[in-house]
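The structure that follows is given in the form of C-alpha coordinates.
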Amino acid sequence: MTEYPAFAQPVEIRWSDQDLMGHVNNARILTLVEESRILWLRSLNGWDRDINPTVVVRTEINYRKPVMYGPELVIELGVGRIGGSSYGITFRGIQEEAVVFDGVNVLVGVDPVKLTPRQLSESELGILNRFGTFDPEAPTDLTAEPVSR
Amino acid sequence: MTEYPAFAQPVEIRWSDQDLMGHVNNARILTLVEESRILWLRSLNGWDRDINPTVVVRTEINYRKPVMYGPELVIELGVGRIGGSSYGITFRGIQEEAVVFDGVNVLVGVDPVKLTPRQLSESELGILNRFGTFDPEAPTDLTAEPVSR
Amino acid sequence: MTEYPAFAQPVEIRWSDQDLMGHVNNARILTLVEESRILWLRSLNGWDRDINPTVVVRTEINYRKPVMYGPELVIELGVGRIGGSSYGITFRGIQEEAVVFDGVNVLVGVDPVKLTPRQLSESELGILNRFGTFDPEAPTDLTAEPVSR
Amino acid sequence: MTEYPAFAQPVEIRWSDQDLMGHVNNARILTLVEESRILWLRSLNGWDRDINPTVVVRTEINYRKPVMYGPELVIELGVGRIGGSSYGITFRGIQEEAVVFDGVNVLVGVDPVKLTPRQLSESELGILNRFGTFDPEAPTDLTAEPVSR
(Lines give C-alpha, C1' and ligand atoms only; values in the text may rest on other atoms or scores of the structure.)
Protein backbone atom coordinates (compact mmCIF):
# COMPACT_ATOMS: atom_id res chain seq x y z
CA MET A 1 0.00 0.00 0.00
CA THR A 2 1.33 3.39 -0.96
CA GLU A 3 0.63 6.33 1.30
CA TYR A 4 -0.37 9.70 -0.10
CA PRO A 5 0.19 12.41 0.85
CA ALA A 6 3.48 11.80 2.58
CA PHE A 7 2.95 15.11 4.37
CA ALA A 8 0.25 17.78 4.34
CA GLN A 9 0.35 20.85 6.49
CA PRO A 10 -0.73 24.49 6.34
CA VAL A 11 2.09 27.00 5.97
CA GLU A 12 1.80 30.57 7.20
CA ILE A 13 1.90 33.07 4.39
CA ARG A 14 3.29 36.46 5.40
CA TRP A 15 2.07 39.83 4.17
CA SER A 16 5.62 40.41 2.91
CA ASP A 17 5.43 37.28 0.73
CA GLN A 18 3.22 39.28 -1.60
CA ASP A 19 4.81 41.21 -4.43
CA LEU A 20 3.61 44.28 -6.31
CA MET A 21 1.17 42.09 -8.24
CA GLY A 22 -0.80 41.61 -5.00
CA HIS A 23 -0.25 37.88 -4.66
CA VAL A 24 2.45 35.62 -3.26
CA ASN A 25 5.63 36.02 -5.28
CA ASN A 26 6.57 33.12 -7.60
CA ALA A 27 10.02 32.63 -6.15
CA ARG A 28 8.71 32.86 -2.60
CA ILE A 29 6.37 29.95 -3.26
CA LEU A 30 9.44 27.73 -3.55
CA THR A 31 10.48 28.93 -0.10
CA LEU A 32 7.13 27.73 1.24
CA VAL A 33 7.65 24.37 -0.49
CA GLU A 34 11.19 24.18 0.96
CA GLU A 35 9.78 24.75 4.43
CA SER A 36 7.27 21.90 4.00
CA ARG A 37 9.96 19.59 2.70
CA ILE A 38 12.26 20.34 5.62
CA LEU A 39 9.47 19.88 8.16
CA TRP A 40 8.61 16.55 6.59
CA LEU A 41 12.18 15.24 6.49
CA ARG A 42 12.69 16.32 10.10
CA SER A 43 9.55 14.45 11.10
CA LEU A 44 10.75 11.13 9.64
CA ASN A 45 12.24 8.61 12.00
CA GLY A 46 15.50 7.28 10.67
CA TRP A 47 16.13 10.15 8.28
CA ASP A 48 19.15 12.10 9.32
CA ARG A 49 19.80 14.97 7.00
CA ASP A 50 22.95 16.00 8.79
CA ILE A 51 24.56 12.62 8.31
CA ASN A 52 23.05 11.88 4.93
CA PRO A 53 22.46 15.20 3.24
CA THR A 54 20.57 15.56 -0.01
CA VAL A 55 20.58 18.61 -2.25
CA VAL A 56 18.06 19.93 -4.76
CA VAL A 57 19.34 19.54 -8.32
CA ARG A 58 16.19 20.37 -10.27
CA THR A 59 12.81 21.99 -9.70
CA GLU A 60 9.72 22.13 -11.89
CA ILE A 61 6.71 24.16 -10.85
CA ASN A 62 3.41 25.10 -12.47
CA TYR A 63 1.75 28.24 -11.18
CA ARG A 64 -1.93 27.49 -11.74
CA LYS A 65 -3.67 30.25 -9.80
CA PRO A 66 -2.52 33.27 -7.80
CA VAL A 67 -1.74 32.39 -4.18
CA MET A 68 -3.41 34.93 -1.91
CA TYR A 69 -2.52 36.28 1.51
CA GLY A 70 -5.31 35.40 3.91
CA PRO A 71 -6.87 32.03 3.08
CA GLU A 72 -5.17 28.91 4.42
CA LEU A 73 -2.60 27.31 2.13
CA VAL A 74 -1.94 23.60 2.56
CA ILE A 75 1.06 21.98 0.90
CA GLU A 76 0.86 18.26 0.16
CA LEU A 77 4.02 16.28 -0.50
CA GLY A 78 4.47 12.96 -2.27
CA VAL A 79 7.38 10.90 -3.51
CA GLY A 80 8.03 10.71 -7.24
CA ARG A 81 10.59 8.73 -9.21
CA ILE A 82 13.33 7.09 -7.12
CA GLY A 83 16.72 6.34 -8.67
CA GLY A 84 19.98 5.02 -7.26
CA SER A 85 21.14 8.34 -5.90
CA SER A 86 18.18 10.63 -6.58
CA TYR A 87 14.50 10.95 -5.78
CA GLY A 88 11.67 13.34 -6.52
CA ILE A 89 9.48 15.06 -3.96
CA THR A 90 6.26 16.16 -5.58
CA PHE A 91 4.33 19.05 -4.11
CA ARG A 92 0.89 20.52 -4.54
CA GLY A 93 -0.42 23.73 -2.97
CA ILE A 94 -4.11 23.85 -2.16
CA GLN A 95 -6.00 27.03 -1.30
CA GLU A 96 -9.78 27.32 -1.17
CA GLU A 97 -10.13 23.78 -2.57
CA ALA A 98 -8.17 24.54 -5.73
CA VAL A 99 -4.69 23.42 -6.73
CA VAL A 100 -2.83 26.72 -6.92
CA PHE A 101 0.56 25.25 -7.84
CA ASP A 102 2.17 21.84 -8.29
CA GLY A 103 5.56 20.50 -9.20
CA VAL A 104 8.53 18.45 -8.19
CA ASN A 105 11.92 18.89 -6.55
CA VAL A 106 14.57 16.38 -7.61
CA LEU A 107 17.07 15.71 -4.84
CA VAL A 108 20.36 13.85 -4.89
CA GLY A 109 22.09 12.23 -1.94
CA VAL A 110 25.57 13.64 -1.39
CA ASP A 111 28.56 12.69 0.66
CA PRO A 112 28.54 14.94 3.76
CA VAL A 113 32.20 15.88 3.36
CA LYS A 114 33.02 15.72 -0.35
CA LEU A 115 29.49 16.71 -1.47
CA THR A 116 29.79 14.24 -4.36
CA PRO A 117 26.72 12.14 -5.25
CA ARG A 118 26.28 8.98 -3.25
CA GLN A 119 23.90 6.01 -3.41
CA LEU A 120 20.77 6.38 -1.32
CA SER A 121 20.98 4.22 1.79
CA GLU A 122 18.72 1.26 2.53
CA SER A 123 17.10 3.29 5.26
CA GLU A 124 16.41 6.20 2.93
CA LEU A 125 15.02 3.91 0.23
CA GLY A 126 12.85 2.16 2.80
CA ILE A 127 11.28 5.44 3.82
CA LEU A 128 10.84 6.80 0.31
CA ASN A 129 9.28 3.62 -1.03
CA ARG A 130 6.42 3.88 1.45
CA PHE A 131 4.99 6.89 -0.33
CA GLY A 132 3.36 7.54 -3.70
CA THR A 133 2.42 10.72 -5.46
CA PHE A 134 -0.63 12.30 -6.99
CA ASP A 135 -1.20 11.19 -10.52
CA PRO A 136 1.41 13.09 -12.53
CA GLU A 137 -0.76 12.73 -15.62
CA ALA A 138 -3.50 14.65 -13.84
CA PRO A 139 -1.74 16.72 -11.24
CA THR A 140 -4.52 19.22 -10.69
CA ASP A 141 -7.21 16.61 -10.24
CA LEU A 142 -7.86 16.61 -6.51
CA THR A 143 -9.72 13.36 -6.79
CA ALA A 144 -6.83 11.61 -8.55
CA GLU A 145 -5.67 8.42 -6.95
CA PRO A 146 -2.13 8.43 -5.69
CA VAL A 147 0.20 6.55 -7.98
CA SER A 148 1.36 3.31 -6.42
CA ARG A 149 4.80 1.85 -6.92
CA MET B 1 19.86 36.36 -37.67
CA THR B 2 18.99 35.34 -34.17
CA GLU B 3 20.57 37.24 -31.29
CA TYR B 4 21.85 35.45 -28.22
CA PRO B 5 21.96 36.27 -25.42
CA ALA B 6 18.97 38.58 -25.36
CA PHE B 7 20.38 40.02 -22.13
CA ALA B 8 23.44 39.32 -20.00
CA GLN B 9 24.25 41.23 -16.87
CA PRO B 10 25.90 40.62 -13.51
CA VAL B 11 23.53 40.55 -10.54
CA GLU B 12 24.64 41.46 -7.04
CA ILE B 13 24.45 38.53 -4.67
CA ARG B 14 23.86 39.52 -1.05
CA TRP B 15 25.39 37.85 1.98
CA SER B 16 21.82 37.18 3.14
CA ASP B 17 21.07 35.23 -0.05
CA GLN B 18 23.14 32.41 1.39
CA ASP B 19 21.43 29.76 3.47
CA LEU B 20 22.75 27.48 6.18
CA MET B 21 24.41 25.32 3.50
CA GLY B 22 26.82 28.21 2.82
CA HIS B 23 25.73 28.92 -0.74
CA VAL B 24 22.97 30.91 -2.40
CA ASN B 25 19.58 29.45 -1.52
CA ASN B 26 17.76 27.53 -4.29
CA ALA B 27 14.60 29.59 -4.09
CA ARG B 28 16.54 32.84 -3.94
CA ILE B 29 18.20 32.01 -7.26
CA LEU B 30 14.79 32.41 -8.89
CA THR B 31 14.62 35.90 -7.37
CA LEU B 32 17.89 36.73 -9.11
CA VAL B 33 16.50 35.36 -12.38
CA GLU B 34 13.32 37.40 -11.87
CA GLU B 35 15.41 40.53 -11.43
CA SER B 36 17.28 39.89 -14.69
CA ARG B 37 14.04 39.24 -16.54
CA ILE B 38 12.49 42.47 -15.26
CA LEU B 39 15.59 44.51 -16.10
CA TRP B 40 15.57 43.06 -19.61
CA LEU B 41 11.86 43.67 -20.24
CA ARG B 42 12.20 47.23 -18.94
CA SER B 43 15.12 47.80 -21.31
CA LEU B 44 13.12 46.83 -24.41
CA ASN B 45 11.69 49.61 -26.51
CA GLY B 46 8.06 48.97 -27.27
CA TRP B 47 7.52 46.52 -24.43
CA ASP B 48 5.14 47.91 -21.93
CA ARG B 49 4.57 45.51 -19.09
CA ASP B 50 2.02 47.75 -17.42
CA ILE B 51 -0.20 47.81 -20.47
CA ASN B 52 0.50 44.26 -21.60
CA PRO B 53 1.31 42.26 -18.49
CA THR B 54 2.61 38.72 -18.64
CA VAL B 55 2.69 36.28 -15.76
CA VAL B 56 4.91 33.28 -15.03
CA VAL B 57 2.94 30.03 -15.35
CA ARG B 58 5.79 27.53 -15.18
CA THR B 59 9.45 27.37 -14.17
CA GLU B 60 12.07 24.67 -14.70
CA ILE B 61 15.50 25.04 -13.21
CA ASN B 62 18.57 22.81 -12.97
CA TYR B 63 20.95 23.55 -10.13
CA ARG B 64 24.29 22.44 -11.56
CA LYS B 65 26.80 23.84 -9.09
CA PRO B 66 26.56 25.77 -5.83
CA VAL B 67 26.32 29.54 -6.37
CA MET B 68 28.78 31.29 -4.09
CA TYR B 69 28.76 34.72 -2.44
CA GLY B 70 31.76 36.67 -3.70
CA PRO B 71 32.54 35.82 -7.33
CA GLU B 72 30.60 37.66 -10.04
CA LEU B 73 27.42 35.95 -11.24
CA VAL B 74 26.22 36.77 -14.75
CA ILE B 75 22.74 35.76 -15.86
CA GLU B 76 22.18 35.28 -19.58
CA LEU B 77 18.66 35.32 -20.98
CA GLY B 78 17.33 33.93 -24.24
CA VAL B 79 13.93 33.35 -25.80
CA GLY B 80 12.61 29.82 -26.04
CA ARG B 81 9.42 28.48 -27.60
CA ILE B 82 6.86 31.13 -28.61
CA GLY B 83 3.16 30.24 -28.80
CA GLY B 84 0.04 32.29 -29.45
CA SER B 85 -0.26 33.58 -25.91
CA SER B 86 2.86 32.24 -24.22
CA TYR B 87 6.63 32.36 -24.54
CA GLY B 88 9.65 30.96 -22.75
CA ILE B 89 12.52 32.96 -21.34
CA THR B 90 15.54 30.74 -20.93
CA PHE B 91 18.17 31.62 -18.38
CA ARG B 92 21.67 30.51 -17.58
CA GLY B 93 23.78 31.59 -14.59
CA ILE B 94 27.52 31.73 -15.10
CA GLN B 95 30.04 32.01 -12.30
CA GLU B 96 33.78 31.48 -12.69
CA GLU B 97 33.26 30.30 -16.29
CA ALA B 98 30.92 27.48 -15.33
CA VAL B 99 27.17 27.17 -15.83
CA VAL B 100 25.89 27.07 -12.26
CA PHE B 101 22.19 26.87 -13.13
CA ASP B 102 19.98 26.95 -16.21
CA GLY B 103 16.31 26.74 -16.94
CA VAL B 104 13.24 28.39 -18.39
CA ASN B 105 10.35 30.55 -17.25
CA VAL B 106 7.15 30.15 -19.27
CA LEU B 107 5.12 33.36 -19.35
CA VAL B 108 1.60 34.03 -20.58
CA GLY B 109 0.19 37.34 -21.72
CA VAL B 110 -2.83 38.37 -19.68
CA ASP B 111 -5.49 40.99 -19.97
CA PRO B 112 -4.52 43.84 -17.62
CA VAL B 113 -7.97 44.01 -16.05
CA LYS B 114 -9.45 40.54 -16.22
CA LEU B 115 -6.06 38.73 -15.94
CA THR B 116 -7.33 36.15 -18.45
CA PRO B 117 -4.90 34.88 -21.11
CA ARG B 118 -4.66 37.01 -24.23
CA GLN B 119 -2.88 36.68 -27.58
CA LEU B 120 0.60 38.16 -27.69
CA SER B 121 0.59 41.43 -29.64
CA GLU B 122 2.42 41.97 -32.94
CA SER B 123 4.83 44.23 -31.14
CA GLU B 124 5.57 41.59 -28.49
CA LEU B 125 6.02 38.86 -31.12
CA GLY B 126 8.29 41.15 -33.12
CA ILE B 127 10.55 41.63 -30.13
CA LEU B 128 10.55 38.02 -29.02
CA ASN B 129 11.28 36.66 -32.50
CA ARG B 130 14.56 38.57 -32.66
CA PHE B 131 16.13 36.36 -30.03
CA GLY B 132 17.21 32.73 -29.84
CA THR B 133 18.34 30.61 -26.95
CA PHE B 134 21.30 28.47 -26.02
CA ASP B 135 21.08 24.96 -27.38
CA PRO B 136 18.57 23.24 -25.10
CA GLU B 137 20.09 19.90 -26.08
CA ALA B 138 23.40 21.05 -24.60
CA PRO B 139 22.51 23.70 -22.08
CA THR B 140 25.76 23.58 -20.13
CA ASP B 141 28.00 23.85 -23.16
CA LEU B 142 29.19 27.44 -23.06
CA THR B 143 30.41 27.18 -26.62
CA ALA B 144 27.02 26.01 -27.90
CA GLU B 145 25.62 28.01 -30.78
CA PRO B 146 22.37 29.79 -30.05
CA VAL B 147 19.42 28.04 -31.59
CA SER B 148 17.98 30.01 -34.51
CA ARG B 149 14.32 30.17 -35.32
CA MET C 1 -7.74 49.65 32.89
CA THR C 2 -5.02 49.23 30.34
CA GLU C 3 -4.80 45.97 28.46
CA TYR C 4 -1.46 44.31 27.85
CA PRO C 5 -0.48 42.67 25.60
CA ALA C 6 -2.60 44.16 22.85
CA PHE C 7 -1.78 41.06 20.80
CA ALA C 8 0.27 37.93 21.40
CA GLN C 9 0.59 35.16 18.88
CA PRO C 10 3.17 32.60 17.76
CA VAL C 11 4.74 33.26 14.36
CA GLU C 12 6.12 30.49 12.20
CA ILE C 13 9.87 30.76 11.73
CA ARG C 14 11.10 29.28 8.46
CA TRP C 15 14.34 27.37 7.96
CA SER C 16 15.26 30.02 5.39
CA ASP C 17 14.92 32.77 8.01
CA GLN C 18 18.23 31.58 9.40
CA ASP C 19 21.43 33.11 8.14
CA LEU C 20 24.96 31.73 8.03
CA MET C 21 25.31 32.39 11.76
CA GLY C 22 22.76 29.61 12.37
CA HIS C 23 20.04 31.76 13.89
CA VAL C 24 17.24 33.94 12.58
CA ASN C 25 18.66 36.89 10.66
CA ASN C 26 18.45 40.31 12.35
CA ALA C 27 16.65 42.00 9.50
CA ARG C 28 14.25 39.10 9.11
CA ILE C 29 13.15 39.50 12.72
CA LEU C 30 11.60 42.82 11.71
CA THR C 31 9.63 40.95 9.06
CA LEU C 32 8.22 38.71 11.79
CA VAL C 33 7.32 41.78 13.84
CA GLU C 34 5.70 43.35 10.77
CA GLU C 35 3.59 40.23 10.31
CA SER C 36 2.38 40.39 13.92
CA ARG C 37 1.57 44.07 13.61
CA ILE C 38 -0.44 43.53 10.43
CA LEU C 39 -2.34 40.58 11.92
CA TRP C 40 -3.19 42.69 14.96
CA LEU C 41 -4.35 45.74 12.99
CA ARG C 42 -6.46 43.50 10.74
CA SER C 43 -8.06 41.95 13.81
CA LEU C 44 -9.22 45.28 15.24
CA ASN C 45 -12.80 46.27 14.67
CA GLY C 46 -13.01 49.80 13.39
CA TRP C 47 -9.43 49.98 12.18
CA ASP C 48 -9.34 50.32 8.45
CA ARG C 49 -5.79 50.47 7.20
CA ASP C 50 -6.83 50.92 3.59
CA ILE C 51 -8.84 54.03 4.38
CA ASN C 52 -6.55 55.33 7.10
CA PRO C 53 -3.08 54.10 6.31
CA THR C 54 -0.18 54.49 8.69
CA VAL C 55 3.48 54.11 7.79
CA VAL C 56 6.52 53.17 9.87
CA VAL C 57 8.82 56.16 10.37
CA ARG C 58 11.19 54.77 12.98
CA THR C 59 12.19 51.42 14.45
CA GLU C 60 14.30 50.57 17.50
CA ILE C 61 15.15 46.99 18.30
CA ASN C 62 17.35 45.27 20.87
CA TYR C 63 18.59 41.80 19.96
CA ARG C 64 18.93 40.17 23.35
CA LYS C 65 19.44 36.52 22.48
CA PRO C 66 19.74 34.53 19.25
CA VAL C 67 16.34 33.49 17.86
CA MET C 68 16.44 29.82 16.94
CA TYR C 69 14.59 27.79 14.30
CA GLY C 70 12.53 25.16 16.07
CA PRO C 71 11.18 26.41 19.39
CA GLU C 72 7.97 28.44 19.36
CA LEU C 73 8.40 32.20 19.10
CA VAL C 74 5.61 34.38 20.47
CA ILE C 75 5.49 38.08 19.67
CA GLU C 76 3.69 40.34 22.13
CA LEU C 77 2.56 43.79 21.05
CA GLY C 78 1.71 46.83 23.15
CA VAL C 79 0.98 50.48 22.50
CA GLY C 80 3.63 53.05 23.41
CA ARG C 81 3.56 56.84 23.25
CA ILE C 82 0.60 58.30 21.34
CA GLY C 83 0.90 61.74 19.71
CA GLY C 84 -1.38 63.75 17.48
CA SER C 85 -0.42 61.96 14.29
CA SER C 86 1.91 59.21 15.52
CA TYR C 87 1.94 56.25 17.85
CA GLY C 88 4.35 53.57 18.95
CA ILE C 89 3.77 49.84 18.76
CA THR C 90 6.07 48.10 21.18
CA PHE C 91 7.05 44.50 20.56
CA ARG C 92 8.70 41.74 22.50
CA GLY C 93 9.73 38.33 21.18
CA ILE C 94 9.60 35.45 23.63
CA GLN C 95 11.21 32.07 23.03
CA GLU C 96 11.73 29.43 25.68
CA GLU C 97 10.55 31.84 28.39
CA ALA C 98 13.20 34.44 27.59
CA VAL C 99 12.86 37.83 25.92
CA VAL C 100 14.90 37.36 22.76
CA PHE C 101 14.27 40.82 21.31
CA ASP C 102 12.24 43.92 22.13
CA GLY C 103 11.70 47.31 20.62
CA VAL C 104 9.26 49.76 19.12
CA ASN C 105 7.91 50.79 15.73
CA VAL C 106 6.80 54.40 15.46
CA LEU C 107 3.99 54.83 12.97
CA VAL C 108 2.44 57.96 11.49
CA GLY C 109 -1.03 58.31 10.03
CA VAL C 110 -0.93 59.48 6.44
CA ASP C 111 -3.45 60.76 3.97
CA PRO C 112 -4.34 57.83 1.66
CA VAL C 113 -3.84 59.90 -1.49
CA LYS C 114 -1.23 62.55 -0.72
CA LEU C 115 0.67 60.39 1.80
CA THR C 116 1.22 63.49 3.95
CA PRO C 117 0.90 63.13 7.74
CA ARG C 118 -2.60 63.47 9.12
CA GLN C 119 -4.09 63.61 12.60
CA LEU C 120 -5.10 60.26 14.04
CA SER C 121 -8.87 59.84 13.99
CA GLU C 122 -11.06 59.57 17.10
CA SER C 123 -11.65 55.94 16.25
CA GLU C 124 -7.92 55.22 15.99
CA LEU C 125 -7.19 57.06 19.24
CA GLY C 126 -10.01 55.20 20.94
CA ILE C 127 -8.51 51.88 19.97
CA LEU C 128 -4.92 52.80 20.78
CA ASN C 129 -5.75 54.25 24.19
CA ARG C 130 -7.14 50.92 25.35
CA PHE C 131 -3.70 49.36 25.41
CA GLY C 132 -0.54 49.83 27.45
CA THR C 133 2.94 48.47 27.03
CA PHE C 134 5.46 46.51 29.03
CA ASP C 135 7.49 48.65 31.35
CA PRO C 136 10.03 50.34 29.10
CA GLU C 137 12.29 50.78 32.14
CA ALA C 138 12.43 47.00 32.49
CA PRO C 139 11.71 45.60 29.05
CA THR C 140 13.20 42.16 29.63
CA ASP C 141 11.39 41.57 32.88
CA LEU C 142 8.63 39.16 31.95
CA THR C 143 6.89 39.86 35.22
CA ALA C 144 6.90 43.62 34.64
CA GLU C 145 3.54 45.28 35.02
CA PRO C 146 2.16 46.88 31.89
CA VAL C 147 2.41 50.64 32.01
CA SER C 148 -1.01 52.25 32.36
CA ARG C 149 -1.94 55.49 30.74
CA MET D 1 41.86 63.60 11.04
CA THR D 2 38.64 61.64 11.02
CA GLU D 3 37.51 60.07 7.77
CA TYR D 4 33.87 60.17 6.70
CA PRO D 5 32.26 58.27 5.20
CA ALA D 6 34.03 55.10 6.19
CA PHE D 7 32.35 53.45 3.20
CA ALA D 8 29.94 54.61 0.51
CA GLN D 9 28.69 52.39 -2.24
CA PRO D 10 25.56 51.93 -4.35
CA VAL D 11 23.55 48.80 -3.56
CA GLU D 12 21.35 47.09 -6.11
CA ILE D 13 17.68 47.26 -5.19
CA ARG D 14 15.63 44.37 -6.56
CA TRP D 15 12.08 44.59 -7.87
CA SER D 16 11.17 42.02 -5.21
CA ASP D 17 12.44 44.34 -2.45
CA GLN D 18 9.29 46.37 -2.98
CA ASP D 19 6.21 45.56 -0.96
CA LEU D 20 2.54 46.14 -1.66
CA MET D 21 3.01 49.83 -0.80
CA GLY D 22 5.11 50.19 -3.97
CA HIS D 23 8.38 51.07 -2.28
CA VAL D 24 11.23 49.14 -0.71
CA ASN D 25 10.00 47.29 2.35
CA ASN D 26 11.08 48.66 5.76
CA ALA D 27 12.61 45.44 6.97
CA ARG D 28 14.36 44.86 3.67
CA ILE D 29 16.16 48.18 4.03
CA LEU D 30 18.04 46.67 6.96
CA THR D 31 19.16 43.86 4.65
CA LEU D 32 20.63 46.47 2.31
CA VAL D 33 22.40 48.11 5.27
CA GLU D 34 23.68 44.69 6.39
CA GLU D 35 25.12 44.11 2.93
CA SER D 36 26.96 47.46 3.01
CA ARG D 37 28.32 46.74 6.47
CA ILE D 38 29.59 43.30 5.44
CA LEU D 39 31.21 44.66 2.27
CA TRP D 40 32.93 47.35 4.31
CA LEU D 41 34.22 44.99 7.01
CA ARG D 42 35.49 42.58 4.36
CA SER D 43 37.32 45.46 2.66
CA LEU D 44 39.27 46.41 5.78
CA ASN D 45 42.81 45.17 6.10
CA GLY D 46 43.38 43.61 9.47
CA TRP D 47 39.72 43.00 10.25
CA ASP D 48 39.00 39.34 10.44
CA ARG D 49 35.38 38.71 11.19
CA ASP D 50 35.82 34.95 11.30
CA ILE D 51 38.44 35.19 14.03
CA ASN D 52 36.92 38.16 15.83
CA PRO D 53 33.20 38.06 15.22
CA THR D 54 30.88 40.87 16.20
CA VAL D 55 27.13 40.63 16.45
CA VAL D 56 24.39 43.25 16.14
CA VAL D 57 22.76 43.91 19.52
CA ARG D 58 20.70 46.98 18.69
CA THR D 59 19.43 48.84 15.65
CA GLU D 60 17.79 52.26 15.31
CA ILE D 61 16.51 53.45 11.97
CA ASN D 62 14.53 56.48 10.79
CA TYR D 63 12.58 56.05 7.57
CA ARG D 64 12.59 59.58 6.17
CA LYS D 65 11.32 59.05 2.63
CA PRO D 66 10.12 56.08 0.59
CA VAL D 67 12.98 54.20 -1.09
CA MET D 68 12.10 53.59 -4.71
CA TYR D 69 13.05 50.84 -7.15
CA GLY D 70 14.93 52.41 -10.05
CA PRO D 71 17.05 55.36 -8.90
CA GLU D 72 20.49 54.61 -7.50
CA LEU D 73 20.68 54.16 -3.74
CA VAL D 74 24.00 54.88 -2.05
CA ILE D 75 24.59 53.80 1.54
CA GLU D 76 27.18 55.74 3.53
CA LEU D 77 28.66 54.24 6.69
CA GLY D 78 30.38 55.93 9.59
CA VAL D 79 31.58 54.92 13.05
CA GLY D 80 29.63 56.08 16.07
CA ARG D 81 30.33 55.63 19.76
CA ILE D 82 33.07 53.14 20.62
CA GLY D 83 33.07 51.35 23.98
CA GLY D 84 35.24 48.62 25.45
CA SER D 85 33.41 45.79 23.75
CA SER D 86 30.91 47.58 21.51
CA TYR D 87 30.80 50.10 18.69
CA GLY D 88 28.21 51.79 16.53
CA ILE D 89 28.09 51.76 12.75
CA THR D 90 26.01 54.67 11.55
CA PHE D 91 24.34 54.48 8.16
CA ARG D 92 22.62 56.87 5.83
CA GLY D 93 20.81 55.99 2.59
CA ILE D 94 20.89 58.60 -0.14
CA GLN D 95 18.65 58.52 -3.19
CA GLU D 96 18.19 61.42 -5.60
CA GLU D 97 20.21 63.70 -3.31
CA ALA D 98 17.95 63.19 -0.31
CA VAL D 99 18.54 61.23 2.87
CA VAL D 100 15.91 58.50 2.64
CA PHE D 101 16.86 56.72 5.88
CA ASP D 102 19.49 56.95 8.59
CA GLY D 103 20.32 55.11 11.76
CA VAL D 104 22.83 53.06 13.67
CA ASN D 105 23.70 49.42 14.31
CA VAL D 106 25.33 48.70 17.65
CA LEU D 107 27.69 45.74 17.47
CA VAL D 108 29.46 43.81 20.20
CA GLY D 109 32.61 41.76 19.87
CA VAL D 110 32.07 38.16 20.89
CA ASP D 111 34.27 35.22 21.61
CA PRO D 112 34.22 32.99 18.48
CA VAL D 113 33.55 29.83 20.49
CA LYS D 114 31.60 30.86 23.58
CA LEU D 115 29.84 33.83 21.88
CA THR D 116 30.21 35.80 25.13
CA PRO D 117 31.16 39.50 24.88
CA ARG D 118 34.86 40.22 24.62
CA GLN D 119 36.97 43.38 24.64
CA LEU D 120 37.61 44.85 21.21
CA SER D 121 41.20 44.18 20.12
CA GLU D 122 43.83 46.88 19.59
CA SER D 123 43.64 46.19 15.87
CA GLU D 124 39.85 46.64 15.83
CA LEU D 125 40.05 49.83 17.90
CA GLY D 126 42.78 51.16 15.63
CA ILE D 127 40.57 50.70 12.58
CA LEU D 128 37.39 52.05 14.18
CA ASN D 129 39.09 55.15 15.58
CA ARG D 130 40.07 56.29 12.10
CA PHE D 131 36.47 57.04 11.19
CA GLY D 132 33.86 59.58 12.29
CA THR D 133 30.18 59.85 11.58
CA PHE D 134 27.75 62.38 10.14
CA ASP D 135 26.57 64.89 12.72
CA PRO D 136 24.00 62.99 14.78
CA GLU D 137 22.38 66.31 15.66
CA ALA D 138 21.69 66.92 11.98
CA PRO D 139 21.65 63.52 10.32
CA THR D 140 19.65 64.56 7.29
CA ASP D 141 21.85 67.53 6.46
CA LEU D 142 23.98 66.32 3.60
CA THR D 143 26.35 69.21 4.08
CA ALA D 144 26.87 68.40 7.77
CA GLU D 145 30.48 68.03 8.82
CA PRO D 146 31.45 64.62 10.05
CA VAL D 147 31.88 64.50 13.79
CA SER D 148 35.52 64.10 14.76
CA ARG D 149 36.70 62.09 17.72
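Lettered A, B, C and D in written order, each chain numbered from 1.
In this text, a residue touches a chain if its C-beta (ideal position, glycine included) is under 8 Å from a C-beta of that chain, and two chains touch if they have at least 3 such contacts.
Computed from a predicted structure; not experimentally measured.
**Student:** Work out the mean Cα position per chain and let me know which chain is farthest from chain D.
**Tutor:** Chain A.
**Student:** Counting residue numbers used by both copies over all numbers at the interface, does the chain B-chain C contact come out same (over half shared) or different (under half)?
**Tutor:** Since more than half of the residue numbers are used by both chains, the interface counts as same.
**Student:** Pick from B-C, B-D or A-B: which interface has over half of its contact pairs in common with C-D?
**Tutor:** The C-D interface is reproduced by A-B.
**Student:** With chain centres defined as C-alpha means, what is the inter-centre distance between chain A and chain C in Å?
**Tutor:** 33
**Student:** Averaged over CA atoms, how far is the centre of chain A from the centre of chain D? Could you give it in whole Å?
**Tutor:** It comes to 39 Å between the two C-alpha centres.
**Student:** Please set out, as single numbers or ranges, the residues of chain B touching at least two other chains.
**Tutor:** 15-16, 25, 27, 31, 34
**Student:** Mapping chain-to-chain touches, which pattern fits: line, ring, star, complete or other?
**Tutor:** complete
**Student:** Note which residues of chain B are touching chain D in the complex, please.
**Tutor:** Going through chain B, the ones touching chain D are 11-12, 14-16, 31, 34-35, 38.
**Student:** Report the residues of chain C in contact with chain B in the complex, numbered from low to high.
**Tutor:** Checking each residue of chain C against chain B gives 15-16, 18-20, 22, 25, 27.
**Student:** Which residues of chain D touch chain C once you look at their complex with the stated criterion?
**Tutor:** Residue positions touching the partner: 21, 25-28, 30-31, 34, 55-64.
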